[in-house]
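Once you scroll down, you'll see the structures, which are given as structure tokens.
Here come two complexes built around subunit A, the first alongside subunit B, the second alongside subunit C.
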Partner chain A sequence: MRQSFVAKNPSVLVFLACLGLFTLGVSVLSEGMGIGLISTSFVKTLGKTLCLCLVAIAMDLVWGYAGILSLGHFAFFGLGGYMIGMWLMYARTEGIVAASLSNAEIPPTPDELRSAIANQIFGVVGSSDFPAIWVFAHSLPLQLALVVLVPGLLALVFGWLAFRSRVTGVYLSILTQAMTLALALYLFQNDSGLRGNNGLSGLQNIPGAEGVPQSVISVWFLWASAAALGLGYVIAAFVVSGKFGSVIRGIRDDEARVRFLGYSVEGYKLFVFTLTAVIAGIAGALYYPQAGIINPKEIAPIASIYLAVWVAIGGRGRLYGAVIGAALVSLLSTWFTGGRVPDLPLGFYTVSWVDWWQVLLGLSFVLVTLFAPKGIGGLFDLVAGRRAPDRHGADLGPDPGALREKEAER
Partner chain B sequence: MRILLAALTFLCLVATAGAQDIAADGPAATPLQSLLKEHRAAIEQGARRGIGPAIEALRDSGLPEARLILEKWQARELWLRKADGLFFLAESAEGGYRLTDPATGEAAGSATRDEVIQIRPNSGIRAVLAGALVQFQLTDPNPAVRAAALDAIARRSEAGHLDALRAVLEDEPDPRLKARKARLERLLTISFDPDPDARIAAIEGFAGDIGVDVRAALNPLVATTRAVAPGEPPAGENIARRLSPGSEALPREAAYAMLVEAGLAPPRIGRAEIRAALAAHVEGGRVGGVPVAELNSDAARERAYAGLAAAGLVPAHLTEAGIDAALAAHAFYDRYAEADPRVTEAAADALAAIALMVGVNQMADLALDALSLASIYFLAAIGLAITFGVMRVINMAHGEFIMMGAYTGYVVQQFIPDYTISILVALPLAFAITFGAGVAMERLVIRWLYNRPLETLLATFGISIALQQLAKNIFGTQARPLTSPAWLDGSLVINDVVSISYIRIAIFVLALMFLGLFLFIMRRTRLGLEVRAVTQNPRMAASMGINPDRINMLTFGLGSGIAGVAGVAIGLYAKVTSELGQDYIVQSFMTVVVGGVGNIWGTLLGATLIGFLQKGIEWFNPSNTLAAQTYMILFIILFIQFRPRGIIALKGRAAGD
Partner chain C sequence: MSTLLEVSGVSVSFDGFKAINNLSFEIGPAELRAIIGPNGAGKTTFMDIVTGKTRPDEGDVLWGEKSRSLLKMNESQIAQAGIGRKFQRPTVFEDQSVFDNLLMALKKDRAPWKVLFYRETAEDRARVGELAEEIGLADQIGRKAGELSHGQKQWLEIGMLLAQEPRLLLVDEPAAGMTLAEREHTTDLLKQAARTRAVIVVEHDMEFVRRLDCRVTVLHEGSVLAEGSLDFVTKNQQVIDVYLGR
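The block that comes next holds the complex of A and B.
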């Protein structure tokens, strides 16, 4: 008997309900739309966290379900941010420049306008011409298309090259890390056309919404992020629920057997890799207008590794686990490194959390990997009464490196 | 007799009186003083411009005291007595100065402060004086002074030095100084000899010589300036090449700008000028008959400007045809500053030959650089090659072990002030500490994850960020110095192009030593045998009485320990920070992956490939090391396409597929 999608995935409804309640609650408590209990900057932090949850879902799809430990998904996230940032920066600068030129005696020609904008944007890197990659920056629809196309194409080409030559496992992780590093180093150059290490800034000012206060814009972005997260969750749940999901889990557990069964393993992997890159790009495009600035440091390999950390702590192989991990760890990180946590006096030494949070995070990560491979999501199994079969110490999987049975039971 | 005596006395008296007389106005009579007196105005005035003849006259006078005077003048110890215009050396005494006659060295009475003026040459004049003094110093009995004089000539040479050098060339006893003098004489011949044949001979003698001094002497000869002349270039100019306007070397705009600058054509009216002119002539919302609001295109602005020009308010717009005609009527060319074409031709030929030699030597220098970079990568990667290659365990904290080694070196230097001893202590200590850390990590974390390589990656990453932050908490974020011993300072200079610092040589030697050590352990010891057995088949090895747990622990400790030693070496030439290891970790992984896992020769090849590749790419674009790294990583990604298992791939069951 064919079950409906929702019946097979009860967590989707629960998740959507929680997300809706959360968004509604924050809107009511916010400064811009409600009673003002939550500050605008915290609304932005929550909105950004939702975007991070979205990219964590992408990471969970590609790692927890398809078994590809990609250390490059933050590169796609950053690329999405750069693409939307180009339009935001261009349109805003255009407004400012047009206003200042309209006071001159002679109205400006289009060329003069364009070169004045270029001067304004690229003055910091000693250039006054638009690089070729800014050719679509004047148009919002085109840049929105690029948000999807650029990460998607990069993932398609990279994935095709990597999967075609059967690069798997740790090698693939290192290769994706190298890709991220190469991209970050490239963007750090001043002549990369994206303002070098200055990055793109002033992204929180939305062109065409100059009269709207930031407190309202922050709630808009919260809604947009929540909608994207909800949609992303449904798409991810749909992808992993049917036959397709079974195949990618099969690839994760034993790639060779799936290949022998006649499935085109490379095609499946490539699809998942590209899809998740696109999701990451969209998450980035929603994240950076809330952050206000993007620079190449955001793309550094360490960011992608943190993404893996979130998913691992939350529990990979289940979508809500990724969301919980990303939200919890990133909010805790913000809280601890923000310096608002009281110091812990030990008598002989005072633990200042700004300094010691990283140590705590690193060690807790080791502990989670060692003792709770299911992550926080594993707690739900305790509630549901699901338990892994007792194998009496025997090997859990068919092969070293394959995911264990108890993690793969869904 | 009496008369005779009286006459004698008289004579004596006269003689004494005469002598006294000479002593009284003695300085005035010496040729030195008369010479100085002749140039008194220039000397007293102390202007750089007028001083030349005075100094030259002194230098060429042939007087034995000339050198002393010049030296004293340079040292601000020369004084002028206002009353009679005589020059003295002086030292302060009670109530004024005690004067000494420069010619004889005899005391010449004293003077009050008001009676004498100190001659104070400014820095420009002192430099001229130094140049003049060189001639005397070249024959000084002390070889050090002669060498210093040669240095002075090499720094700023002038025409006069050539004759001076030639005069003393044959008498030089020291063969090394003689060779230097001869070389300098050839260089000065190029620059200053009036005879073109001699210059050409000297230039040709230097073909293929890569010294910086030769290039410095030759380059001014072939330097060109761009010039424009109506019709044909004037005869007698040494023309390097003719330029046609509109070519790549001389764009049309630039050519016309040259004409304007030379006053041969009226200035062109550009867009900015048109705009300014229009803005200045707005009348009632219209300019030249065109409404202001319509002036947002170039065509409308041209029309408005034409209107203004028709009204005589602005100069007429230059037509393109007019510009072409003006350009065609003039000749544009590059001319040499040097007038003799034969000399410039010889210099250009010599420079071409030199450029070839310099290129070859730069290649050699680049190869040395690349070799040292490769040895650094090899050192950083060899520990990783052991843990990743032999045990298939990926250790993201490897970089932090390198950092731990570097900090160990730093801490040891705080306790042992002698740098040589402290390095000798730090190397084994770093090995011991990181060995211990590696063993602890293997026991506590990694052995639980042997079947889950991806999770090892993440767990060791957790350790990596914890260790990094720990180092930040202990040592702070600023860089700590790890000072190398004095005998590692400086560099081995082979010629003006090729040089390599001793630290890099030491790192190269260290890398070779570790390669040898690794090969020895793996091939000649019991441990190596057991490690190879466990690598090939752990279960079979265990059934042969080998304890795989112990072997894994020792292997991991060994890899970590080598990382610690590499840390000390890397810390010697890079700043020790908590991010030191992070900077090397990706390159180290690349090295291992490119080389091929599980084979030390592969790691060596990988390090060599990456080192040479990075330096090679940097050579194409030296200003941009970021781009070099980007392209290198892209190359590696592509390389993996063709050899997914690295340069040297394991075959058969050991490959693990």
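The block that comes next holds the complex of A and C.
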């Protein structure tokens, strides 16, 4: 009677197959590796979309399964991006500076080299010294470790403080928004050490791969993003499939009951919150090299709200729902805001989609919440004929003469 | 007789209203006890104090052979120490199957890391099967708990309590909203459970208490009014005045 992991989660195999086919298809059609039907910039858009799908999975874990409506997961996403961005910027500037100084008569000392790099990077914010947080920027392995550690530790400390004081529901959502806003405002400052509102740029140039054209690099990143998404999906499915999944869904539905069963609810929430922050950080670290630039605007509170909207539209409480929602809405968003959608003349007013897209998105969010709480993923239930248990209105017992629901609820 | 739970001199007030007033209470390791009392007598607050949901203003709650104080522990630690609680309204996880509900309650390591890598053994399956048999839900084990009838949900919750293997069971109005046949089954379940552990039943319904056939504690305005067999307390003039006379 015991079922294997895959047998219990048939969606994992289907998902991995779809993801594999998609990646293969895009590679074949790309400019860099294939016949050139898909432009490099669109390959990048698709690669970025995969990263957004990954952070949507994280959001679904924390919201759809554990019931914690975090409106701060894009902060972790952005932090992951900043951490990898520091190395990318440092290493590339180092290459440029070293090349220009090598023509000098006296070879530069390491100190001179370092201050020249600092000057190059921080000149824009009127500084020429490396801030303390750049101490590891010369080392790829260390910055990669920070991609995981910085979002993870922030989530751990924040979550510990919030969950320990039993902050739940809308208050927690507000708290996470406040965290995001505080972080964004801090990063906007020039002396935050991360170049203020200029952010980190030129991230699409990968040090050590100067000879490789962007068309090829974009496909590499597509593969890396697809691999991360596949792995993230499997990990998330593993987390929610067993007893752990039972417990966190229990926490979502009735926190007090889980507590009286002897589970330390705070520990579970903290675990899920931190794990998803790490996943979000990794997704961000893959996203921003494809975007080429990261600045504090990316961390603005609205980004995290969009994340919740994607998951709600896709269908929370199921992993593929989050992926569908993120992919669909972010691609549509790119299409609408890219100005390529023809305007809609109404005679008295012309609907320009660049401006009206957000209204459309907001409207569809409201409609989905009201009329299809299971989101797009709910369509799969319609096909499979699954229904949620609902006895409301019926009498309570299997025996005749049982009380009606109204009578029992006192 | 040794005591399993000893509540001594506990008081708690909410906004000046004394919900529990210098309450003392004891129960042995294998005993069935019914607590009755009019609305507002402090029955639910008493349960909240024992399970760690409410902190008393004064007094002490001691547990087990080593007389550990429960006041320094939180809800989940108290539950792990062996106190199980059933709420008045059946609270089962409606979105999950009967099997999953019982499996979650099964006495196992509760640490997140252990639970994450937990995979059920044949032994656990057999234990869940036994429990389902005991509460009369063996045929329903694959169904979602939300599809069960009200009475079946109550049993499932009692089954989840038994799965925790607690040494003390606190049961709040288990018979509310049940048919006669369901009540009889519930009585049997509770009596059987009380052979090996302590069971405290809070109940309004005198007929149900009579069927339990156990010692009764009458609460009134947050303290114990009388204690003894049901016949004994129902003859007590004070009890008649405050409770039965109404």
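The working rule: the second predicted complex is superposed on the first by the 388 of 410 C-alpha atoms of A that agree within 3 Å, B and C clash if a C-alpha of one lies under 4 Å from a C-alpha of the other, contacts with A are read in each partner's own complex, and residues count from 1 in each chain.
Note that a contact is a pair of C-beta atoms (placed from the backbone, for glycine too) under 8 Å apart; a residue touches a chain by one contact, two chains touch by 3 or more.
Since we're looking at a predicted model, the values are computed, not measured.
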* Check whether A:355 is in contact with subunit B, with subunit C, with both or with neither, and answer first, second, both or neither. => first
* Does the superposition put A:322 against subunit B (first), subunit C (second), both, or neither? -> neither
* Given the touch rule stated above, what does A:46 touch, subunit B (first), subunit C (second), both, or neither? -> neither
* Mind working out whether A:108 is in touch with subunit B, subunit C, both or neither, as first, second, both or neither? => first
* With both structures superposed, pick whichever of subunit B and subunit C touches the larger number of subunit A residues. => B
* Go through the superposed model and pick first if A:307 touches only subunit B, second if only subunit C, both, or neither. => neither
* Asked: Counting only touches as set out at the top, which of subunit B and subunit C does A:121 meet: first, second, both, neither?
  -> neither
* Asked: Between subunit B (first) and subunit C (second), which, if any, makes contact with A:84: first, second, both or neither?
  -> neither
* Asked: Where does A:181 make contact in the superposed view: on subunit B (first), on subunit C (second), on both, or on neither?
  -> first
* Asked: Which subunit A residues lie in the overlap of the subunit B contact set and the subunit C contact set?
  -> 397, 401
* To do: Would you mind writing out the residues of subunit A in touch with subunit C in their complex?
  => 1-2, 239, 242-244, 246-247, 249-250, 253-254, 256-257, 259-265, 267-268, 271, 388-391, 396-399, 401-403, 405, 407-410
* Structure fact -> Given the complex, residues on subunit B that touch subunit A span 275, 278-279, 282, 287, 292-293, 295-298, 301, 394, 445, 448-455, 457-459, 461-470, 472-473, 582, 586, 589-590, 593, 624, 626-627, 629-630, 633-634, 636-638, 640-642, 644
* Structure fact -> Listed in rising order, the residues of subunit A that touch subunit B in the complex are 69, 104-111, 158, 161-162, 164-167, 169-171, 173-175, 177-179, 181-182, 185-186, 188-189, 301-302, 305, 308-309, 312, 355-359, 361-366, 369-370, 373, 395, 397, 400-401, 404
* State the interface residues of subunit C toward subunit A in the complex, per the touch definition above. => 51, 53, 74-77, 79-80, 84-85, 87, 89, 91, 93-96, 100, 103-105, 110-113, 115-116, 118-120, 122, 125, 144-147, 149-152, 160, 164, 176-179, 181-182
